[in-house]
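The structure appears right after this line, and notes come after that.
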Amino acid sequence: MKIIDEAVPNAALSATEMATVFRRVLTSAATGLCCESWSINHQELPLATKSSWSVRKYTLCGGRQQGVDVIEVDNGQMRFIVIPSRGMSVLKVESGDVRLGWDSPVKEVVHPLFINLQSRGGLGWLEGFNECLVRCGLEWAGHPGRDTFRNNVGDEVEMDLTLHGKIGNLPASEVEVHIEAGPPPRIHVRGRVDERMFHGPQLELWTDISTEIGSNSFRVDDQVTNHGARDQEFQIIYHANFGPPLLEAGARFVGAVKQVTPFNAHAARDVNAYDKFAGPQEGFVEQVYCLQPLADQEGQTMIMLQNARADRAVSLAFPVDQLPYVTLWKNLASEAEGYVTGLEPGTGFPATRRLERLAGRVPKLGPQASRRFTLEVAIYADQASVAEADRRIQRIQGEARAETTST
Amino acid sequence: MKIIDEAVPNAALSATEMATVFRRVLTSAATGLCCESWSINHQELPLATKSSWSVRKYTLCGGRQQGVDVIEVDNGQMRFIVIPSRGMSVLKVESGDVRLGWDSPVKEVVHPLFINLQSRGGLGWLEGFNECLVRCGLEWAGHPGRDTFRNNVGDEVEMDLTLHGKIGNLPASEVEVHIEAGPPPRIHVRGRVDERMFHGPQLELWTDISTEIGSNSFRVDDQVTNHGARDQEFQIIYHANFGPPLLEAGARFVGAVKQVTPFNAHAARDVNAYDKFAGPQEGFVEQVYCLQPLADQEGQTMIMLQNARADRAVSLAFPVDQLPYVTLWKNLASEAEGYVTGLEPGTGFPATRRLERLAGRVPKLGPQASRRFTLEVAIYADQASVAEADRRIQRIQGEARAETTST
Amino acid sequence: MKIIDEAVPNAALSATEMATVFRRVLTSAATGLCCESWSINHQELPLATKSSWSVRKYTLCGGRQQGVDVIEVDNGQMRFIVIPSRGMSVLKVESGDVRLGWDSPVKEVVHPLFINLQSRGGLGWLEGFNECLVRCGLEWAGHPGRDTFRNNVGDEVEMDLTLHGKIGNLPASEVEVHIEAGPPPRIHVRGRVDERMFHGPQLELWTDISTEIGSNSFRVDDQVTNHGARDQEFQIIYHANFGPPLLEAGARFVGAVKQVTPFNAHAARDVNAYDKFAGPQEGFVEQVYCLQPLADQEGQTMIMLQNARADRAVSLAFPVDQLPYVTLWKNLASEAEGYVTGLEPGTGFPATRRLERLAGRVPKLGPQASRRFTLEVAIYADQASVAEADRRIQRIQGEARAETTST
């Protein structure tokens, strides 16, 4: 069976030979293709599965979300929404009674055109922040701050970096849906986001967000390429955010960790309980912990957020050579303010780039060089599977003890 | 007779029981509804009136007004245009030979996406300013200036406030038309504008702009709500702007006023003639007077701009407990520069927020608390009705004398 | 024969009496007219020519070019693309094996809405820069820098000017296609771009970009008008940019020049070879030369870029009383970084406005006054025609010697 809806002009992200039975380009700046709405489902494309899956693309309207493209993937077990207009972020994930994501004060899926990253002293990013998974990066990824760069006349001058960089507020230039026949059959949403300018970075992100039909997990497979002629600094942090129902009083962070460093004095006060969560508290000021994860023999690590009864959880698994640092962001404020925690694997921590560079945590990409980042996100819906995930993490931890250091 | 075109999902602004015969949602971010164009008129919906009324929604295009939604209301006597894309501002009002509004150098109805509020040292708001009635606010409403705020890590840091705040450059998320059967029958245009962000304000404006069919007046009925978990400062100024034909040499401001304070030394020079208007003068630098209005026994005040012959006028009536301050803005420049005066009821004056706070003029809203603002705008088209409005204002003034204070 | 497709509401740019056989308004903010796509060609409108010409308007989509309007003109010999959404810039020109334009790291035709001119210390303009011909201006045209202006309260305050001004990132409010019957028949694309605000400039650009059917040249005929009530400073620089195939090792700038001033010390080092081009060199830092052109008896000058074999070239001809200065921008970086040279006639050089003013190079327009700028761009495709263009330039140079001055 070989059904191909439409040829894809762009080289796909990976070189893996997939048994692709379906391809569809939804947006292409290169060929001028776009579509307002589109969908496909298990009835239109029979696959070797009994799951009632579907993929649906539509456009939001009203207020600051006018014109935002979203793609809703339902794999029969789990539903998630990808936002091509916002850098291929994942808005939210739902599976049974588990929801990945959070209740931000930002209620709309804000079009990047309505965001001025420079507003509020460089905190404009917060005007659109409500995703379950948003990338920070690529030229810079952390806190606002002044840093130097070479301007058009070759001088080293200063600029104000804005919170968490630009990639989360850039629209995808190419967007495709691929479906693999399998077994197991798998749905892919792919997109290319360009962070390019003259006399500046020429960074490209190709992402492939995929899920096995009927499963309780999805994978983010990203490739960042430097199309410039010279070495290019870059940063990427996967800002994965979870509120209720996983986050609650008694919820716990579980990770194989060799070092815990509080981000500041305010976080240091509670470092001994860095992995425990209290309930919502009005006016809570965020606490941030910088973690260095341990890896298993294959180089993989896993971190997890489990609820109080340890019968619901989400885990993130990734190779530590790709993402050697994890930021744990605890924003245990009232529900109206945004009760949320972030588990954030990255190439560094979210200090401003100048400081990250001093700490040796700002990698470079040579001309035409690429780096790959893969993140497996899984949902657990009963005590047994949470316990099994916990055992996997404890095996990685082994005999090692997490050392707590000062800032 | 009970004709309802479409159910309205949102709670309406007011709890008043209206005999609504018609409701139509034109935009809803919540339900994903939007429409490019739509209209209704007296032939399609018979009401107990002989007036030829209509409501028409359409979308502008070309230049910086591409994609701007407007709603044109004709009540049979008076026509006005509401701009959902620009914070539910009122572009202009026309009745017979009276026009409320002015001839700004800005000729298009500029989409907020084309406005960078931070440009020109925080004066970017002026790039789109041409409305008859625009709200300044909600997090701040006055002049640019540095002020402090709590950032994401809980530190008190500084930011640059921009002229007149953001609400006038935010698109409405929900827009509805309601028609009351009466008698008297009344047309309502309602909209919700959100000024929300993470680690920032969660302010909501619900406005109901309505007019009795066949009348020469309209009412603005606003409700501002704090959806945050903590007390929230806010400011609102109703920037109502009038040029010719009302504004002309010999035109006069009439108000029941207990105190007149010139905004600066330049205004102080002419404080004795603060209520009189000269004709257009090239290069005129604006003069601003801060007024404290008196109220009648019901707590209402009224201010008026009348033309030289006192046979055409516009009045604004409002409760002084809602809007205790009035700014009178005289920009008597040449017609090409913008010959205009602003009558601006507000919760404060337009000094930068830091100064307004020192003067005790920055109110707060508790969690889930709301404040209501109602403004009745009336047009007078002959000497008798202008004289009657004048008498009403004189009755409010009574024996009190307007005191002039220094800045 | 008198075929008029549609009446044009706006006064045309010029008062010349054309034998117009066809007029079409494509965008009009004034009348609310817009069209997504449209075309006309030699079969639909027979003209006295055997050339297969066409004009086609369409809208781009995907990534940062979503919603960008472009007009593609094919005169039978030469094709060029005008971008109404980006200030009526010319994206690229193609004729046989000659391409005018360059390969910028910016691959999309970026919608101005995605550009924040203030980003990167005022270098945001570079995020969309990839045109063959883009105007810098109109309130300012050069490098970023602080300068003073009068704010709304009449005070002289400071603002940060951004690189190359706003006109290249403003959408046209009126766009028309006119076709002259001739002989010779000629295609015109006309557009009006407004740089207007309250308490700021009220500058209007009307451009007429036209080409004789079957020819190898096009003409840019611009009129800049001050609609303000007072004298208004303005600046305009025509940033015409050429990469391969014209630009290559051994390519040469040819101009009738009386004075050459390197822009800075880095440019001064190579001033003796200012008119020669090397091949792409990774990390090359731009060199800029400020030229004062000589004129022939009609007041015209001509400048040219020719390839290494002197068998392909482009020339720009213009009156020196309109555009008395030429900036030669050499950015001989690697192809990935943008290997490009700019030949830039202007009312001044691209130093920041404060410095240009000190040098007496910031002209003013009185109230309602206009200035005209005409630029004839021609392509040469063989040795004989390049040599003839060279001879024309040498005749203008005559006995005069180009004097080299220090910065």
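A, B and C are the chain letters, set down in written order, and residue numbers restart from 1 in every chain.
Criterion: a residue touches a chain if its C-beta (ideal position, glycine included) is under 8 Å from a C-beta of that chain, and two chains touch if they have at least 3 such contacts.
Small disclaimer: the values here were computed from a predicted structure and weren't measured.
Peer 1: Over half of interface residue numbers shared between subunit A and subunit C means same, under half means different, so which is it?
Peer 2: different
Peer 1: Rounding to the nearest 5 degrees, give the angle of the rotation that lays the CA atoms of subunit A over those of subunit B.
Peer 2: To map subunit A onto subunit B, rotate by about 120 degrees.
Peer 1: Could you tell me the distance, in whole angstrom, between the mean C-alpha positions of subunit A and subunit C?
Peer 2: 42
Peer 1: Can you pull out the residues of subunit C that are in contact with at least two other chains?
Peer 2: Counting only residues that touch two or more other chains, subunit C contributes 113, 116, 118.
Peer 1: Using the touch definition up top, name the residues of subunit C that touch subunit A in the complex.
Peer 2: Listed in rising order, the residues of subunit C that touch subunit A are 58, 60-66, 104-108, 113-114, 116, 118-121, 123, 126-127, 129-130, 163, 264, 266, 282-283, 285-286, 288, 333-338.
Peer 1: Okay, in this complex, where on subunit C does subunit B touch?
Peer 2: Result: residues 27-30, 32-34, 67, 112-113, 116-118, 149, 151-154, 157-160, 170-174, 193-194, 196-200, 202, 227-230, 367 of subunit C touch subunit B.
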